[in-house]
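The following blocks contain the structures, represented as structure tokens.
Consider the two complexes below, in which chain A is the common component and chain B and chain C are the respective partners.
On to the complex of A and B.
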């Protein structure tokens, strides 16, 4: 089974800082990491390869910093990483990203299955795998919580109201959820070996594509909701009852208890 | 301007109708892939219903349903298509957008139409921030296919019945190579998303057994219990968490117990009406985001709180 996995080097939103004055994210030099659900897509692909043989190739699209993810991709056990970068790709919208992924997949040519995280850790558009499937005219199965491939592809998709179990044709595109597996942690020696491995390094212009987007992000801010900030002291047991009473009275006034 | 709405979820469908009327739609049409009864229900809310009988399609399969939705859209002339932002809806919107060559945007909480076209607010960085996004560089023209926006649940009030729209059946001829083997319905009990009172346990709770104390507090307040990310992702005390990439809640009352209040958690509770927090650390960031705060040891404060709520 030859599998292609789409992997984004996302902003690490857990570590993202915001300008206290403007509320805008401080993105310059902000730490990045392999997107959480993409990591699980890679793990799933590696497990399939271990059972059935075949290859695992990865596609990463983004700004130049995206190249940093390759070391980890190899350390986990992928066979070959393809990376397409451009300085302006931080502004890419889902349509452009999907288009670039598909052009890269066409370079790889042979595949039986395409896997990706259901959404990226920073943008959460939930759209890329679906658009990749549509561009390739392949069936798409979103948000898989489990999948098997021996004896045909069977995918269990968590679609919110129910888990849908599909018997799917190959090739197909499957996006995976956080629950699908617990990804492996690469060994130190695997990491050291991985850093010496070559990868397919493309510039966007090599694919004959430019940065043309239909979605234009005008402004990003962390919204500030005004709160009352009434705080009582209850560390001293003698004051605790009075403090709690005051808060409960306020909550009753607010009509929430 | 015609605006079309589609959601397989009835409540979200009604919310989309409200969102469409806020956009000053001169005409609201609905796309229905379902039963005749579903189409008749939708007709009570919109000027026209374009309807594909799902018995001809079978259960939900993204590729096949997109074909149907595409036929429906082409059967009318909408300039904006609002889709309910569920897993099912997001997948259909993203694929349809490719088929129509028009942009799609997800995680939308508000929309407006300006001289520049469709502008939306969508959550960014997993809900930590909000982005203002212009959808489509081209200004609206009559002949264009619709711009597509997936609207998150719970941001518009559900519309009331007010119409008696005409129903038009759209035919589809879809061949499928996918088989639905089984559909396991999920429990839809008192979920965190819909609860009026949510009590969240944070790192300040020392042992898993101590969650029973938090449950007692939730019971006394008539609410449900959630946990923060570390308690779920690291300690596995609960299958999911409240906050970024977990569940976003918007109760009348949120109570954070031993929750420090990282922005990733605040992202999931921001839309709560009243926020209350109990924490030993007076400098915990949660107090900046709280209406009411109690500085104290949760193991002393919570039992007292329960006792006083009961009396």
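On to the complex of A and C.
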């Protein structure tokens, strides 16, 4: 089976520092890594290839630093990486990103399945895989928590209210969630071999695209979790039962039990 | 996992993109497999080192390619640089600051590499792939009951009889005596024994396999010691009574073993120091976490300059130790990987001694201070700090060279041999 995986080089959010005054993330020089869900999409593709044979090719769109993700892509075991870069693509809007991915996929031509992370670790727009499917006029199965391909593609999608099981046609676009697998950690020897492999390096002009529509970021704020600080007093041992009941009521109100 | 302290941005000691990615991958492995388990490993092995050694974890580390990093791929190694072995050791020690797993890793990087430098192809093919996979241990057996620093005074004899060497004598304070017995294939040590006359010119080095293919050699009688720290790796001794080893296991030239083992020590000392800077980084983070939460007299304890100044001083020592470690590993890369004609193995002596001297002492001094900052809590076994004190302490006492031997090396090379006698 020939699989294409969409992979973003996103910021390593665990290592991001925030400006204490504005709460804005300090992105200049911030470390980057392969987006977590995309990494799982690649893992899923590699597992399918190991079972059924075929190829795994990847498409990455982003600023020039995105080329760095190719080492990890190859170290994990992909066959060929396609990268489209432009200085302005750091802030590309999801429509444009999807369009660039689709134009690159058209250059690759042959595929049976397209996989992508459901959302990227930094922007979390959740839009790209669906837009790619729409532009290619292919069926789309979002947020997969499980996939099997033996005897036809079956996808289990977590749609929030329940897990839906779909028999999916090929080709399709499937976006995967964090739960779908534990991605492999490449060994040093795989990293070293990967560094010697060439990749397909495109600029927007190569795809017949020129104008970058940038996403306007109005404000980024750190999430604040306000604690409720509910205090239940039960100093008299005979009132302990009441106190416990109050605690349980509070927990039920918050839907945690 | 969120890091309390950012890894230094350093334009002097720089890493390639491959090395950065490798560090990231080792961290990820450690977060998954080592960080959640190291305390339990240390506790269990403290009770019963032979039966509770982390064999499964060693196997996983082997599968991840954390052993034989600088060894050739044709021998099952990773084909990496010595700096990559140093990075891996630092990260494993950060994840297990008792340094047991880091010591396992460093021994099985440094000494297999020394084996490849001096061993013939046949024995490299036989031993190294098993070490790389985590099926065999390969460390160093130099120390004897009468002492370790006086390598030239080694008493164990290896007498050549036909096509075998016959060993008699005793080795003491040797890492891996249990692992050699428990791992599926076995293993042994880069062992130094006397094949000629007295002094350092009568010594030879061997790839001494106490157990191979799961079978113990005859005339090898081991003992396991009860250590005070880093319990996840066993220490012990063994007596050799007419133990026979085929002549092919001789490393390098007969009676040149002293020089060969000194090169091996230089390589191993770099990763020893790397283990201690990894554990020290964990200790620095534990200190910062504590400073941000612990209040005394209505203030954070780090608002007292008696505390924060000491922290700043120890942090400076850590950065210096880190510099010594990576400078030494880069020099090792130049000598052994790049074969830089302007350098030779002796050029490693002072840089390596600086790293081995400074890293362990910084780590142990830091551990003591962190325990004082934690107060009485640090004296309980609930707080894991003491485990990061007792483990690295093994490298202040000795192991790969005592601290004063490092000072001797520095003084001897800088002042001149004849002026320090």
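A few notes on this one:
Keep this in mind: the second predicted complex is superposed on the first by the 215 of 257 C-alpha atoms of A that agree within 3 Å, B and C clash if a C-alpha of one lies under 4 Å from a C-alpha of the other, contacts with A are read in each partner's own complex, and residues count from 1 in each chain.
FYI, contacts are C-beta pairs under 8 Å (C-beta built on N, C-alpha and C of every residue); 3 or more make two chains touch, one makes a residue touch a chain.
It should be emphasised that the depicted structure is a prediction, and the values quoted were computed from it without experimental measurement.
Shared-chain residue A:216: touches chain B; no touch with chain C. Once chain A of one complex is fitted onto chain A of the other, the partner contacts of A:186 are limited to chain C, with no touch recorded for chain B.
Of the two partner chains, chain B is the only one that A:235 touches; chain C does not reach it.
Between chain B and chain C, it is B that contacts the larger number of residues in chain A. In the overlay built on the shared chain, the residue A:33 is in contact with chain C alone; chain B does not reach it. By the touch criterion defined above, A:195 lies against chain C but remains apart from chain B after alignment on the C-alpha atoms of chain A.
Legend: residue contacts after superposition of the two complexes on their common chain; A:14 is shown touching both chain B and chain C. When the two structures are aligned on the shared chain, A:117 is found in touch with neither chain B nor chain C. Look at A:68: by the touch rule set out above, it reaches chain C but stays clear of chain B.
According to the touch criterion, the shared surface of chain A, contacted by chain B in one complex and chain C in the other, consists of residues 14. Those residues of chain A that touch chain B in the shared complex are 11, 13-14, 16, 18, 23, 25, 36, 93-95, 98, 118, 121-128, 130-131, 133-135, 138-143, 154, 157-169, 178, 214-223, 225, 227-235, 237, 240-241, 243-245, 247-248, 250-251, 254, 256-257.
Of all residues in chain C, those touching chain A in their complex are 1-3, 6, 17-18, 21-22, 24-25, 28-29, 32, 64-65, 69, 73, 77-80, 84, 88.
Across the complex, chain A meets chain C through its residues 14-15, 17, 33, 68, 71-72, 75, 185-192, 195.
Of all residues in chain B, only 9, 59-63, 66, 86-88, 90-91, 93-95, 97-99, 102-107, 119, 123-137, 177-186, 188, 197, 221, 244-245, 252-253, 262-264, 270, 273-276, 280, 282, 287-297, 300-301, 304-305, 308-309 touch chain A in the complex they form.
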